[in-house]
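Following are the structures in question.
In what follows, chain A forms one complex with chain B and a second complex with chain C.
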Partner chain A sequence: MLLAAFDWHALFFTFFALLTCGFAVAVLFSNNIVHMAFYLILSLGASAGLFFLAGAEFVGAMQLMIYVGGTLVLLIFGVMLTAQSRFISMETRSGEWVMAIIVGGSLLFLLATAALRVEDWRSGHPNPAKVGLAESKTTTQIGMGFTGVRVDKLDPDVVGSPLVPGMSGYLLPFVIVSVHLLVVLVGAAYMARTKRRATSTGAAA
Partner chain B sequence: MIGISPVSVSHYLLVGAVLFVTGAVCMATKRNALGVLMGVELVLNGANLNFVAFGSKYLRAESLGLDGQLIALFVIVLAAAEAAVALAIALNFYNNHATIDVDQANELKG
Partner chain C sequence: MAEFFHTTCHLPAPLAYLLAAIIACVLIIHVVAVGALIFIWLERKVSGRIQDRLGPTRVGGAFGWLQTLADGIKLIAKEDITPKDADAMLFKLAPYVGFAASYCAYIALPFSDGWVAQHMNTAVFFILAVLGIEVFSPILAGYSSGSKWSLFGAMREAAQVVSYEVPLGMCVVVPCMICGTLNLVTIGNMQAGSFTNWLAFNDPFTFIIACVYFTCATASVNRAPFDLAEAESELVAGFHTEYSGLRWSFFFMAEYGSMFLVSGLAAILFFGGWHGPIPIAEPIAGVLVVVVEPLVNIGRYLLGFIARDIGKVTDGAVAIQIANLMGCLNFLLKGTIGVTVMMWVRWTLPRLRIDQVMTTCLKYCVPIAAFGFVGALFWQVFEVPTLNDLPSPIGINRSVAHESWVVEADREREIRAQAVTPSPADLPGESVGSFDSAAVDSLVMKGGAR
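Let's turn to the complex of A and B:
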């Protein structure tokens, strides 16, 4: 069959990769801050598609929910709160553009040659059909990994002594990052609050 | 296209490199403080893409495993925290100076 012989993985990868890169470049070359926010949403949403294609469906869903649904809504509120007409479209000077294109182009050339140089990265999986769809269900493994148990590293041959290297999960980093997020959000809410008394006395804290 | 099939880690690294470079140039050239913030988001997303690619079982026989996805989740949470703080600073700056142009932010006395 023609449909079965077609490489859908490569097709969808090309589609999402072009969307991601294209909208990222559009963010760079757009001067309008509202357009930039919209292009950024599309770019990050398309990169969630790349996560799904790589077999990381939980990370892809979190990318859509936290990044696109949370962080970018925050950013868009920032855009709306500061969107006076003279700040919506701010031109970058052409001399800075030339410098940025030169530096960015050489950096991109360096990274691309580094990515294509390593033989082990360039050759894909020898037989991706052998991996199996069941191995792609990673949500339970990620949840157990955050609570300190790496079920994906369990070796069925050593049931008696399951302490293989790399078994320790991510419980302590998970707790640290949760407290960090809480403190950061409290601090951000404290900093961004409206200060009515400060403007009347002229001493803005 | 240079060997688009099969999709390998190198292709993901190329997309990540484009995201990183556009984000870095965005940080350097944008005059709007929120544009700089968007550049940071692009850079973090490019790094995330590399982590997920190295952890994918479909791209390499010997992959990073679940560690790549776990680190990518940490990066997403830290990016959310960073965006909240940077946005609070930008709003404070806007309230005090009545501008969002980073070129005029040479005196951040609060």
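Let's turn to the complex of A and C:
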């Protein structure tokens, strides 16, 4: 049957990939900073769609939460900045185009060669032996990894603790990163406060 | 549903999925659109009664129940105006962004056991992420309108929503922690039985958390007393000052859609989801299945022409679906109660100032949510008895459910080990089931295998 023979997954993949790339190009070619942020949101949202299509719901939701939510703050800054007229229409000079093409092109080259080096990714069709069931994938592994137990690195043959030394997780880096973020947040709030206090005392003096 | 079309009706798999998707989409759009119609009418009646008025009484007969439809026709007929200073593209798109986000979040919201458009392992997280996108709509609308009132409203909305996401996320984590999963269907099913099993009554801390959740949810869907973004007394109408006609109504469809969404999420996370306070659904469904037997047979006969295997659908399966239907009604009732409480609050309390809104969030909601989170955490860690531990003939005990996951994981491990090595007896690893390994496994399963 025609419907069954058609590769729906490829169709939807192409659809979302075109959306992602199209809106990314739109970011490049628009001059208004708020338009740029809006296109960026659409591009990032479409790439979240790609993750959902691949069955990676957690990563997709993460993409929406972190990247799209982060772009929200960017958008707010954009709105606040456009009160000044020089940001309303940003013209790109030709020198900036050249620099951007060099940086972006070299990154694209690097990523494309790295991706094409993976044997399984060269053909358009997935290797059924390596495709896991979507049902069996849960977020348990990710959560356990964060709390210090690498489920994929467990060694059941070892008597006693099955944790492989040196492979037992990301608890310490995770905690360090989160404490670092907290310090940055507190510091930012503190700096914003001291600045205001200084001006108010200055006004009082 | 796709499975039913595929196996029972013998449709090809893509067509079955397409059909299931279309049915789910149409049902959800009815929840959002018809829900908005009903809730706007309900809001008028509720506000009328609270203010000692009657509310709408004429359109459509007895209770003015067609009032919203009449308003809808008026809105469609209105002229669609774009102001001269507006950023035309963003101005036109902004209402649809909010509506699309509100609609998308429903994809992961189960209406009954397994009655969900897309069964996700991380449904809670997905809903929170998509709800966070909704705030783009007021910000884009406010920016693109080219009006200072709109921009003020948008900036207030941004500040409010971004700060209220923090306590909201903290509150949502607690039920996920107690149930050990992010899957809304499992969270709902773990509260089966009588109302003592509901997570809000699990311990005093979860009850506090449920209250904080509802406050933050009210703020995050931008309802009074937190509707600073559209404060009529200060900002004309805030971010939608310049809108008219159908575009304006899209903002309200999104608002009422997300009101029901956060109420439904509260119902699943804290108030038993689709389970009633007293577990009578299954006995009633058992009786009903006898009553509707002739109807089912007629249905079987009629559907038999298109679906050859419809006869294989057993009475048990029909009874389960009837119980699910009652669960769905239960869930809709709970969600509607939540929405009604939001209306009650709106017409009772005065609007807060913007600094009071921020104070409520940062000085009250965040610390209380953190306190409740730590309290509920200790309640779980020290295994303080809860109402759920009472021996009961009905419903499930959550610790037993956790235990069954561990047992299942052990079984899965054994099967996997046998598949890798045909003769496990040769291995020295009979001590695999030693204390540490079992502890790790139980940790793994409590992390949310479901």
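Everything that follows uses one rule, which is that the second predicted complex is superposed on the first by the 119 of 205 C-alpha atoms of A that agree within 3 Å, B and C clash if a C-alpha of one lies under 4 Å from a C-alpha of the other, contacts with A are read in each partner's own complex, and residues count from 1 in each chain.
In this text, contacts are C-beta pairs under 8 Å (C-beta built on N, C-alpha and C of every residue); 3 or more make two chains touch, one makes a residue touch a chain.
Please read all numbers here as calculations on a predicted model, not as lab measurements.
Legend: residue contacts after superposition of the two complexes on their common chain; A:W8 is shown touching chain C, with no touch to chain B.
Looking at the shared chain after the overlay, A:A24 reaches chain B, while chain C stays out of its contact range. Contacts of A:F58 after superposition: both chain B and chain C are touched. After overlaying the two complexes on the shared chain, residue contacts for A:P173 are found with chain B alone; chain C is out of touch.
For chain A, the partner touching the most residues, choosing from chain B and chain C, is B. Touch criterion met: A:L75 reaches chain B and chain C at once.
Of the two partner chains placed by superposition, only chain C is touched by A:V34; chain B is not.
Residue overlap on chain A between its contacts with chain B in one complex and with chain C in the other: 58, 62, 72, 75, 79, 82, 138.
Chain C contributes residues 12-15, 87, 89-90, 93, 120-122, 125-126, 128-130, 132-133, 135-136, 139-140, 142-144, 151, 154-155, 158, 162, 182, 413, 417, 427-429, 431-432, 434, 436-437, 440, 443-445, 447-450 to its touches with chain A in the complex. Residues 1, 3-4, 6, 8, 32, 34-35, 38, 41, 45, 57-58, 60-62, 64-65, 68-69, 72-73, 75-76, 79-80, 82, 137-140, 143-144, 147, 149, 151, 154, 156-157, 159-163 of chain A are the ones touching chain C in the complex.
Contact residues on chain A toward chain B in their complex (touch as defined above): 7, 9-10, 13-14, 17, 20-21, 24-25, 27-28, 33, 36-37, 40, 43-44, 47, 50-51, 53-56, 58-59, 62-63, 66-67, 70-72, 74-75, 77-79, 81-82, 87, 90-92, 96-97, 100-101, 103-104, 107-108, 111-112, 115-116, 118, 120-126, 128, 131, 135-136, 138, 141-142, 145-146, 150, 152-153, 170, 173, 177, 180-181, 184-185, 187-189, 191-192, 195, 204-205. Listed in rising order, the residues of chain B touching chain A in the complex are 1-15, 17-26, 28-32, 34-35, 37-38, 41-42, 45, 48-49, 52-53, 55-61, 65-66, 68-70, 72-74, 76-81, 83-85, 87-92, 94-96, 99-101, 110.
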